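Here come two complexes built around subunit A, the first alongside subunit B, the second alongside subunit C.
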Partner chain A sequence: MSGLVREGWLGFREFVGTFGAFQMFFFRLLPYLPKALLRPRLIIEQIYSIGVLSLVLIMFGGFFVGMVLALQSYSTLVEFGSADSLGAFAAEALVRELGPVVASLLFAGRACSAVASEVGLMRATEQISALELMAVDPIEHIIVPRFIAGVISVPLLAAIFSTIGMLGAYLVGVHLLGVDSGAFWSNIQVRVDMYEDVASGILKSFVFGVSASFMAVFEGYYAAPTAAGVSQAATRTVVIGSVWILLIDFILTGFMLPGV
Partner chain B sequence: MVKKVCDFWSDDAVSNLVEIKDVRFSRGSRMIFNGLNFSIPRGKITAILGPSGTGKTTLVKLITGQIRPDDGVILFEGRAVCPCSRQRLYEMRRQIGVLFQSGALLTNLDVFENVAFPLRQHTKLPERLIRQIVLMKLQSVGLRGAWEHMPSELSGGMARRVALARALVMDPKLIIYDEPFAGLDPISMGVIVQLIRETNDALGITSIVVTHDVAQTEILADQSVLLSEGVVVAAGTPAELCNDRSELVQQFMRGKSDGPVPFHFPGPGYVEHLRALASS
Partner chain C sequence: MHQARAIDLGVGLFILLGIGSVLFLLMQTMGLTGFISGNTYRLQARFDHVGDLKIRAPVAMAGVTIGRVAKITVDPIDFRALVEMQISLKYDYLPIDSDASIASSGLLGGKYVELQPGGDLEVLKDQDEIEFTQSAILLENLIGKYMLGGAKE
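On to the complex of A and B.
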C-alpha cells in the first residue's frame, strides 16, 4: 500500500512540475507573439506546412463524418416524421461540435505530432543550440511561428471540415435517402444561428488550436535529444493534446449551451 | 569596493581573448571542473585536449554562455560572459562562431541559405551583397559549387565545411571547433585541418579546437591545454606536451590504454562481483 501511495505521490509531483513548466513556457511565448506577426513569412511557411498539408485529411474526414451522420440520424428522424430536418441536424452537429472537435483531433494527429517531432529532432541534431549560438532566439524563430500557424489553421480547417461534412450529409440525405433538397438547405438556413452555432464553433476551434499547437511546441522543445525522446514527444503531443481537446470541449459546451 | 562579476574587466584582455579564472562546475554530485584556470591568446589556435568525459564540450558551453559556472568567471574580451543580460550575451555570441561536430545545419534550408542565415538575421544588407559574401565564404571552404544542395545531400565532411562557412560569415573574433575531426576520412580531415589553419591566419581570428585527436593537434595547434579531473594538467605547445614527463600526459599523448586514466571503470573487484552475483 505504501508503495502505491509513494507512486501516487511521485506521479502527483511530476504532474505539478509539468503543469508548472507548461505555464512558464506559455508565459514565455506571449511577449514574442506581437513581434512574430511582424515577420509573416515564417508564419505563412508554417501555415502551408501544417495547415495546407492537412487539408486532404480534413476534407476526407469531414466528408465521411457528414455521410455517417446523415445515415445515422435519418432513421431516428424518420420515426418522428422529421426527416426534412436532416440538414439542420447535421449542420448543427457539425458546426457546433463535430467540426471543431474532430478537425482538431485529426490536426493533432497529423500536424502537431509532426511539429513535435520536427522541433525535437532539431534539438537532437543541435540545430536549436546552433541558433542560440548564432544569437538567434529559437523561441522567436522556431516555436512562435509554428504556434501561431497552428492557432490560425485549426479554425479554418474546422470550417472546411464542417462545410465538406454538410456536402457529405447532403449527398447521402438527398441523393441516397430521398430527403427533399430544398427542405435540406432551408432548414439549415432557419436553424443554424450565426452566434449560437457558428461563432461558438469558431471559438471552440480557436481554443483547441491554441491547446493542440501549444502542446506540440512544448513537447518538441523539451524533448529528450534521443530517438526515444523524439518519439515520446510526438506520442505525448497526440495523446495529451487529444485529451485536452475533449476536456476543453466538455467545459466549453457546458458554458455555451443555452439553459445549462 | 566589491566589484560585481558582470562589471569585471581584465587587464589581460589585450593579449588574451578568453580567460577562464578559477571556474568550478558540477552536474549533480559529479564535479566537472574544480578550479579551472587558463587563457586563450588572441590570434592563436588553442587545442583543448582531454580524455572522453573530462568536460571539453561543457567548457565550450561555459565559454559561449549556454550554461553558467557554479563559481569563478569566464571573460571574453575582458568582460564576464555570465551573468549578463540576454541582449549582451547575444551581442557577444555574434562575435563567436561555433562549429559543431555534426555541423548542425538547418535541415530545411539549402547550403546557400544556411550560410546566409546569420546575415539575414543580424544585418539589413542588400540581397546582392549577401549573395557575394555567401559565395565568397563558400568559395573559401571549397563548396561554392554545392550552394544549391540540401544538407541531407552532403557528406559529413562537406556539412562541416558548410558549417564553417556559416560560422565565418559574420567575421567573428573567435571560432570554436567542437571535435572537428571526429568521424572524418583522412582526406576530409586534411581539408578541415588546412581550413582551420588558413582561416585563422588569413582572417587573424582566434581559434579553439576541442578535440582528443593528438596527431592533428600536433600539426595544427599553437598551444594545447590538457584537461583531466576538472583541472588543467598540462599546457604548452604540442611539442612541450609530448615531452612532458607526467604519466597522465604521456598516457594521453601516446594513447596508452592503461595508466592514471584506468582502463576499467571504478567498481568492485571482478572476483567479488562474480561471487556476489553467484550468492544472490
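On to the complex of A and C.
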C-alpha cells in the first residue's frame, strides 16, 4: 500500500516538475522573440515546412467539414422551414469553433509531431550539443524560428480552413440541396458578427497556435536522447497538445460568449 | 538558390492566401455593419414591449434594410422601451408620420424593426421620434388569450 502511495507521489511530483519546466522554458524563449525577427530567413524556411506543407491537408479538411456541416444541418433546418439560414449556421460554426479547433488539431498532428521528432532527433544525434560547442545558441537558431513559424501559421491556416469550409457548405447547400444562393450569403452577413465571431475565432486560433507550437518545441528539446525518447516526444506532442487545445477552447469560449 | 526561391514563393502564396481568407471572412460579416460608422442619423421610437429585439437588429422599410438598432433602454418617465435606431443618410426622406413596428423574420428568425411610410410631406430628421408604434407580438400572450377565450371578444 505504501508502495502505491509512493508511486502516486512520484507521479504527482513529475507532473508538477514538468509543468514547472514548461513555464521556465517559456520564459527562456521570450527574450529571444524580438531577436529572432532579425533572422527572417530561418522563420520563412520553417513557415514553409510547417505551414505551407500543411496547407493541402487543411484545405481538404475544411472543404469536407463544410460539406458535411451543410448536409447534416440541412435535414434539421428544413424541418423548421428555415433552410435559408443554412449559410449562417455553417459559417458561424466554422468561424467560431470548427475552423480554429479542427485546423489546430490537424496542425498538431501534421506539423507539431514533425517538429517534435525533428528537434528530438537533433538532441539524440547530438546536433544540439554540437551547436552549443560552436557557441551557437540552439534556442535562437532551432527552437525560436519553429515556434514563431507555428504561431504565424495557425491563424492563417484556421482562416483558410473556415473560408474553404464555407465554400464547401455553399457547394452542397446551394448546388446540391437547392438553398437560394442569395439567402445563403445574406444570412451570413446578417448573423455572423465581425467582432464576436470572426475576431474571436482569430484570437482563439492564435492562442492554439502558441500552445501547440510551444508543446512541440518543448517536447522535442527535452526528449530523451534515444529512439524511444524521440517517438515518445512526438506522441506526447500530439496527445497533450490536442488536450490543451480542447481545454483552452472551452475556457476561451466561456469567456468570449456574450451573456454567459 | 533555386530551392530558396521556391520556398519564398510557397511562403508568399501561403501568407497571401491566409490574409485573403481573413479579408473574405471580414467582408462577409461587414456587409451590413459597415455603414453604422458611416453617415447615419438617429431616430427614436417608444414601444410597450420589444420582445427579444436585440442591439444591431436590422431596421427595414418594405423589406430593405436601411439601418440598425443602436440602443434599447427603458424610459424613466413612462416606463416604455426606448429604441434608438441609426438610419443611413441615404434614406433621409422618411415621412414624419411613418410608423414603426417590431416584426420577426420567420417563425424562428430574429426580431427587427419594420417602418411603414406615412403620407406626410415633412420628413424625419436626426433625433426625431417616431410617434406611431406597434409592439412586438408575443406568441405566449396570444396563446394565453386564446386559451382563456379572450380572442372571441
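Just so it is clear, the second predicted complex is superposed on the first by the 255 of 260 C-alpha atoms of A that agree within 3 Å, B and C clash if a C-alpha of one lies under 4 Å from a C-alpha of the other, contacts with A are read in each partner's own complex, and residues count from 1 in each chain.
Note that a contact is a pair of C-beta atoms (placed from the backbone, for glycine too) under 8 Å apart; a residue touches a chain by one contact, two chains touch by 3 or more.
The structure presented is a predicted model; accordingly, all values stated were derived computationally and were not measured.
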{"item": "Clash or fit, subunit B versus subunit C on superposed subunit A", "value": "fit"}
{"item": "Touching partner for A:E132 - first (subunit B), second (subunit C), both, neither", "value": "first"}
{"item": "Which superposed partner A:L177 touches (first subunit B, second subunit C, both, neither)", "value": "neither"}
{"item": "Subunit A residues touched - subunit C or subunit B, whichever exceeds", "value": "C"}
{"item": "Touched partner set for A:G81, first subunit B, second subunit C, both or neither", "value": "second"}
{"item": "Shortest CA-CA distance in Å separating subunit B from subunit C in the superposed model", "value": "12"}
{"item": "In the complex, subunit A residues that touch subunit B", "value": "122, 125-127, 129-137, 141"}
{"item": "List of subunit A residues in touch with subunit C within their complex", "value": "44-45, 47-48, 51-52, 55, 80-82, 84-85, 91, 95, 153, 155-157, 159-160, 162-163, 166, 185-186, 188-190, 192-194, 197-198, 201-202"}
{"item": "Contact set on subunit C toward subunit A in their complex", "value": "7-8, 10-11, 13-15, 17-22, 24-26, 28-33, 56, 58, 106-109"}
{"item": "Touching residues on subunit B, where the partner in the complex is subunit A", "value": "64, 66, 90-91, 93-94, 96, 98, 100, 102, 104-107, 117-118, 121-122, 166"}
